[in-house]
Amino acid sequence: MTEAARTDARPARTGAAPAVRLTAVSKDFGAVRAVDGAELALREGEFFSLLGPSGSGKTTLLRLIAGFERPTAGRIELAGRDVTALAPSRRDVHTVFQDYALFPHMTVEQNVAYALTVRGVRKPERLARAREALRTVRLDDYGPRRPAQLSGGQRQRVALARALIDDPGLLLLDEPLGALDLQLRQEMQRELTRIQRATGVTFLLVTHDQEEALTLSDRLAVLDRGRIAQIGPPLEIYDRPATAFVAGFVGTTNLLRDQAAVRVVGAPGTYSIRPERIRIAAPDSAPGPGERCVAGRITDIAHAGAHTRFVIRLDAGDDRLTVLRLNSAGLPDAARIGAAVHLLWNVNDAFAVPG
Amino acid sequence: MSCEPGARGRLAALLAPPLLWLVLAYLGSLAILLLSAFWTTDPFTSDVVRTWTTDNFRDILTTPVYRTVALRTLGIAVAVTLLDAVLALPMAFFMARVARGRLRRVLLVAVLTPLWAGYLVKAYAWRVMLGEHGIVNAALAPLGLRGPGYGATAVVIVLAYLWLPYMILPVYAALERLPAHQLEASADLGAGTVRTLRSVVAPAVRPAILAGSVFTFSLSLGDYLTVQIVGGRTQLLGNVIASQVTLDLPLAAALSAVPVALIVCYLAAVRRAGALDSL
Amino acid sequence: MHLTRTARIVLGCVTAAGLALIYLPLLLVVLNSLNADGSFAWPPSGLTGEWWSRAVHSAGARDALWTSLRAGLGATAIALVLGSLAAFAVHRHRFFGRQTVSFLIVLPIALPGIVTGIALNAAFRTVLEPVGIGFGLFTVVVGHATFCVVIVFNNVAARLRRIAPSLAEASADLGARPWQTLRYVTFPALRPALFAGALLAFALSFDEVVVTTFTAGAGTRTLPIWIYENLARPHQAPVVDVVAAVLIGLSVLPVYVAQRLSSDPAGGRL
Amino acid sequence: GSGGGGPDGGGAAEQKSVGKGEGRVDIIAWAGYAEDGSNDPKADWVHPFEKQTGCQVNTKIAGTSDEMVSLMKTGQYDTVSASGDATLRLIAAKDVVPVNTRLVPNYRDIFSGLKMRPFNSKDGKMYGIPHGRGANLLMYRTDKVSPAPDSWKAVFDGAAKYSGKVTAYDSPIYIADAALYLMKTRPGLGIKDPYALDGKQLAAAVALLKKQRQHIGEYWSDYQKEVTAFKGGDSVIGTTWQVIANTATAEKAPVKAVLPKEGATGWSDTWMVSAKAAHPNCAYKWLNWIVSPKVNAQVAEYFGEAPANARACKETADPRHCAVYHADDESYYRRVHFWTTPVPQCLDGRKGVTCTDYAEWTRAWTEIKG
Amino acid sequence: MTEAARTDARPARTGAAPAVRLTAVSKDFGAVRAVDGAELALREGEFFSLLGPSGSGKTTLLRLIAGFERPTAGRIELAGRDVTALAPSRRDVHTVFQDYALFPHMTVEQNVAYALTVRGVRKPERLARAREALRTVRLDDYGPRRPAQLSGGQRQRVALARALIDDPGLLLLDEPLGALDLQLRQEMQRELTRIQRATGVTFLLVTHDQEEALTLSDRLAVLDRGRIAQIGPPLEIYDRPATAFVAGFVGTTNLLRDQAAVRVVGAPGTYSIRPERIRIAAPDSAPGPGERCVAGRITDIAHAGAHTRFVIRLDAGDDRLTVLRLNSAGLPDAARIGAAVHLLWNVNDAFAVPG
């Protein structure tokens, strides 16, 4: 059973109907099943992420909710209302596209005010509200510019302001940070959190960056080839992955199967040990209580600033384990390539994963 | 690339042949023509006499019939352009945004093929269709209507017909390039189809329509054969020029200055709107 | 934009109607080529193959076709060279008056044919005749090339805009001399545009009447001129229709091929 | 510009003899006058000429008289089949020279009604060899027009009856048709010759034509257009040529053409020789060839006109050809006022008055069409 | 004095002239000085990275070396030869472009063999060597395909094979991994290292991803607005940043200036403390020998899988410190938002940075 079923059982945070509820939603493109029996319920005001590799159906799921695609099967509700057959323009949902899809011939202000313009809101009010929305995304002075005159991060914020202007019940974001470079990306992540908190709008963010999904979301769903593999809060997904796929995709991990599991963990099955849970010790050190100890040699050391990643080839079998170590102090002398070491971990840190 | 040494030389080598050709063969010819507008004709021999005079221009400005004809020509060119735009938009829209794959290719071929059929032949075919017992009247008769017969309306119809592919092609290309996300964003923000057409599609195809109009407008402005075939008793600027060419070249040259001026202004205007890049 | 089913159907119907309207006159041309009545009378009084057999034996039509082919090929060749050069210049370099170049290039097609025609006629008479070059195929080619340049220019320029500049750099980086880059990288990338441009330029030249009237000498008879003359000859009009019908049939092929070869969505630009 | 004036302008000297051919001749002709079989294998009198004389023929087909004039001004052509509305202009501009008719043996057999006429001669010198002629008749649909008209009134003062279905020839020379009608109906204007109009007379003709324009369906300029218009019923009454009437009748259109009681305008084509002819000997050979009885008959039948050579009437394939086209009917052609280029010196002999010239007629025509 | 000067003093690894030497190279675009007095020497066979924010001149520097741009001033040598005025085609340098710049009309094989084709190498040899190069990048069977039929990662490897085919003295890579998603990016980083080691070609990699630069390179240079701010091995750059800019750009850090420095570090000036060097302790814990201790409250916790990032507001002043903690074990109970904590670090970990 997936997390979705459990979520439905709990009352939503505000007591009202969920912001989005998908019931058995599937979408086929010819022979390709892009989304397969998705069950999902988003609480009012939460920051929810869809995480999954390329081609796993994230965008398709989003487009189904926005109404750009019609599901092959299943039912979509927004705030308790069945919208399965409703046109996008009649859904209380806005989208921030990956390429922003700003209208190039309109000024920033006109772009932002577009939702009001089509609703026939009068000009003074429109302008006032567009200015306010631009203030929210900290682009107060950019109203008269054209999108072409903005940087990538600024365009992204305009797209955000445009989608937020009439307080939609739900905001869909399809990899809005995908095109930005790392520095800008981190800055925009902070912005997103701030704006979501300030407006209280439900956010549904699509991303393939697991760190982004983990740090930003209240809850997230992991997609695997069109199916929802797991739904839950970040910590739960990271610490108790429901499948080997989730364990491997969210964070890096040491996955041990069959013989390797017997050799390293001491039992048959599939086990996952997170690299940060393993400790490197001198070759003479013995395991503490509840700890397991294996011997090996360091084959690779990658120093990446705050942390260092070691690859250790175990003496028994040809298994390799990755170990992560924070550079809180200088490296121990033992940690050189070729050095013999002992690896220690708490037996609880090696957890069995299904499949 | 432009910063490399020798870039100037290469630019000159690239630019010289086309510019020499255009300036010498074309602008030179135009200059000769416009220069001869200031000459006059011996009324007796109809030989050109090279004495400087602005009489021709004064004639044109003061003879009411020239103004009437010029305005009529302008009106017809504008009408043809509008008609083509109105016809081309839905067709190009269907081709670019609804039709897919094979159908789209077939449609494109279908639109381009008539360009080869021969201008005069097509005009004559229309002459037959628009005649008293032609199929236009035959088709309209059950509705109690009559076709336009020969005249200005027929000229507009036939010219619009002849130049339609020149409008469809750029509009199609523009619509094809329009990102799907922009249309979706508009719908997403609550806009209906009409609104999206007006606010998103129209601005995107405007330069393309202007580009197409360079053809429809200017080709119509200079036409004088179609009007002979289906124009009935209508005469256009082209006819007036044509009737003077052999008789009074200076006057014809002066008359030519009218469409030249109109089109140069028109080009300058549409260039600002980015139309020349959308050709 | 989510088009409703109705909208799609309506658009489809408009397009179908538009195409029907485009092809109705062409159909009429084909029908008239079989019309027993010699002057396009409607409805046809009967069908006959006489015009077709007469057309087959019409040396005039054959000669005119040959002249048109030569004129079209000549004009297209010149236009290809000049249009490509200009497109390269405008695309690869930034210079003062760059805007003016594209303006100058569209001018010959934008100005009415009759103005172009009489201007060229006047110029040829003043410049070429004194040096002994009379009106003939050469002057026709010159006239046609002048307004065909823009077609090639537009196609090549549009294509150049879409070729990543890094391609030429990558080629140079891998040791290619400029001519090698042109041969191995730029030309293959431009080939579809050149083809589409050439085809449209040829079509334009092939159907030109007005400028040709003023630039052709005695005995130089392109197909449109032949058509023009024969529409004024007794009993020749149906033969003209035969020729037109044949052209319509033949033209599908190059248009389709250009369409397939060119990755440009429209199969070429005007 | 070329041509006239200058010291060589006096080169209006006619040729003294015809020597050996230069191997080539450049011709400006109406469509159908210089057929080489390429359009209709049965119509070929160019190849036999080439074979006989060794003169290669290059033909430029002209669409209008104006075009002929302008082409002749280039000096690139040796000879032209000019109509009467072009001949005087060519003579005046000294683009053509007098023809020595003695060098053209077949000239002997030309109908006398075509020799030394105001439109093909000047100062007693023939400026060309007549080729053929025809009248601008009044044609009407017998099913739509009744009673049968016998006067140009039907297309002028009576045009309202057929408003929108009247047709007229699209050329400034058509002003002469109005002048001819005024000459008969309004003697007060004093028109003696429809091609010699002073300002007042021209204004009257223009006024008449402007009134007529309201009822015009279309102006016609080419053969094909006129046939379809009458067959299709777009035109029911208006000017025509005999050949058009014949074609339409042959195609079972209910039409009839008459020479109205006022008489009619008409055209007669003349082969003229360029003042700058590069191949004068071949040009003379062509002149003699084209009016030789057999060829003249061929052309006349192919084009649909009355031949100029009296002996051609015996050579026509259709023995009735000359009768249909009234070729030998001098009394018929006496009622026909052949196109003549209007020039400032009044052709009717009036002194002290300047007549309107062709340029003025052209402007007037533009104004009439509006 | 910059690192470059020091490098020159040392003998190059192979004893030969440096693979690249830039002497006082500047490049102006109109009024913009994109590269400003760059001094740089690359050793034969090393993996060197250029790191810097967007617009800092990385691409320009690369293009100067490749020959696509001519320097406004200065001198460029390749393997001891002055190439400042040489055309790109005459330099023994190949480039892997950010957009790969594969020739779309050629097959993969023809693309890879291009450098040989233009040199007139005969077809059999060309093909053989192209196949070999494709084997190096593990695309043995892809020769007959067109670039459009490849995935992003595969295209990148083709670009690499194309540039490596004739053993260039130097390979320039302009953000070759920028367009890839995280999973693929990590895989390609491993590939790059493998190929560089296998071929021994000098690599000059441009990137704005500091983690990439730190893990892959033997040495790197940090660019700041057209100037080279620091050159050195990754550890040196990370641990001893030459400027505040380098400290802030390479890795995240807590920068303390003026009053804040006095409050937190206990001395005036500008100080940097890396988040991973700070320890969170219970509010009653005391500093050990050589340690410094400050009190504060947790204001934000961002859990990102392997590590958690805390933001702590110090009781004295309004200063905020970021602390990084590996999730090697469960979080201490104290680590909740709002909890009072003590922060401890070794006094050596707070190092002064110039400017």
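Here the chain labels run A, B, C, D and E in written order, and each chain numbers its own residues starting at 1.
The rule we apply is simple: contacts are C-beta pairs under 8 Å (C-beta built on N, C-alpha and C of every residue); 3 or more make two chains touch, one makes a residue touch a chain.
Since this is a predicted model, take the numbers as computed values, not measurements.
Trainee: So which chains are sitting against chain A and chain C at once?
Mentor: A chain counts here if it touches both chain A and chain C, which gives B, E.
Trainee: List every chain that touches both chain B and chain D.
Mentor: Common neighbours, chain B/chain D: C.
Trainee: Would you mind checking which chain's C-alpha centre is most distant from the centre of chain A?
Mentor: Farthest by centroid: D.
Trainee: Max contacts between which two chains?
Mentor: Top-ranked chain pair by contacting C-beta pairs: B-C.
Trainee: How many angstrom lie between the CA centroids of chain B and chain C, rounded to a whole number?
Mentor: 16
Trainee: Could you give the separation in Å between the centres of chain C and chain E, each centre being the mean of its C-alpha atoms?
Mentor: Chain centroid spacing, chain C to chain E, equals 55 Å.
Trainee: Report the inter-centroid distance (CA atoms only) between chain A and chain E in whole Å.
Mentor: Each chain reduced to its C-alpha mean, chain A and chain E end up 26 Å apart.
Trainee: Spell out, as numbers or ranges, the residues of chain E touching 2 or more other chains.
Mentor: Answer for chain E, listing residues that touch two or more other chains: there are none.
Trainee: By residue number and range, which residues of chain B touch two or more other chains?
Mentor: 124, 127-128, 131, 133-134, 184, 186-187, 200, 245, 249
Trainee: Send over the residues of chain C in touch with two or more other chains.
Mentor: In chain C, the residues touching two or more other chains are 2, 40, 42, 228, 231, 237.
Trainee: Any idea which chain A residues touch chain E in the complex?
Mentor: Residues 53-54, 181-184, 208-211, 214-215, 234-235, 238, 250-252, 274-277, 279, 302-307, 309, 324-329, 346.
Trainee: Looking at the complex, which residues from chain A come into contact with chain B?
Mentor: Listed in rising order, the residues are 66-68, 87-90, 93-95, 97, 99, 101-103, 105-106, 114-115, 117-119, 162-163, 166.
Trainee: Looking at the complex, which residues from chain D come into contact with chain C?
Mentor: Contact set of chain D toward chain C: 2, 26-28, 31-32, 36-41, 58-61, 63, 74, 76-77, 222-224, 227-228, 231-232, 243, 247, 251-252, 302-304.
Trainee: Enumerate the contact residues on chain C facing chain B in the complex.
Mentor: Listed in rising order, the residues are 1-4, 7-8, 11-12, 14-15, 18-19, 21-26, 28-29, 32, 40, 42, 78, 81-83, 85-86, 88-89, 92-95, 99, 101-116, 118-120, 122-124, 126-127, 142, 145-146, 149-150, 153-154, 165, 168, 200, 203-204, 206-207, 209-210, 223-224, 227-228, 231, 237, 240-241, 243-244, 247-248, 250-252, 255-256, 259-260, 264-270.
Trainee: For a test of understanding, state which residues of chain B touch chain D in their complex under the given definition.
Mentor: Per the stated touch rule, the residues are 41-48, 50, 63, 65-66, 68-69, 124, 127-128, 131-134, 149-150, 228-229, 231-233, 235, 239-240, 243-249.
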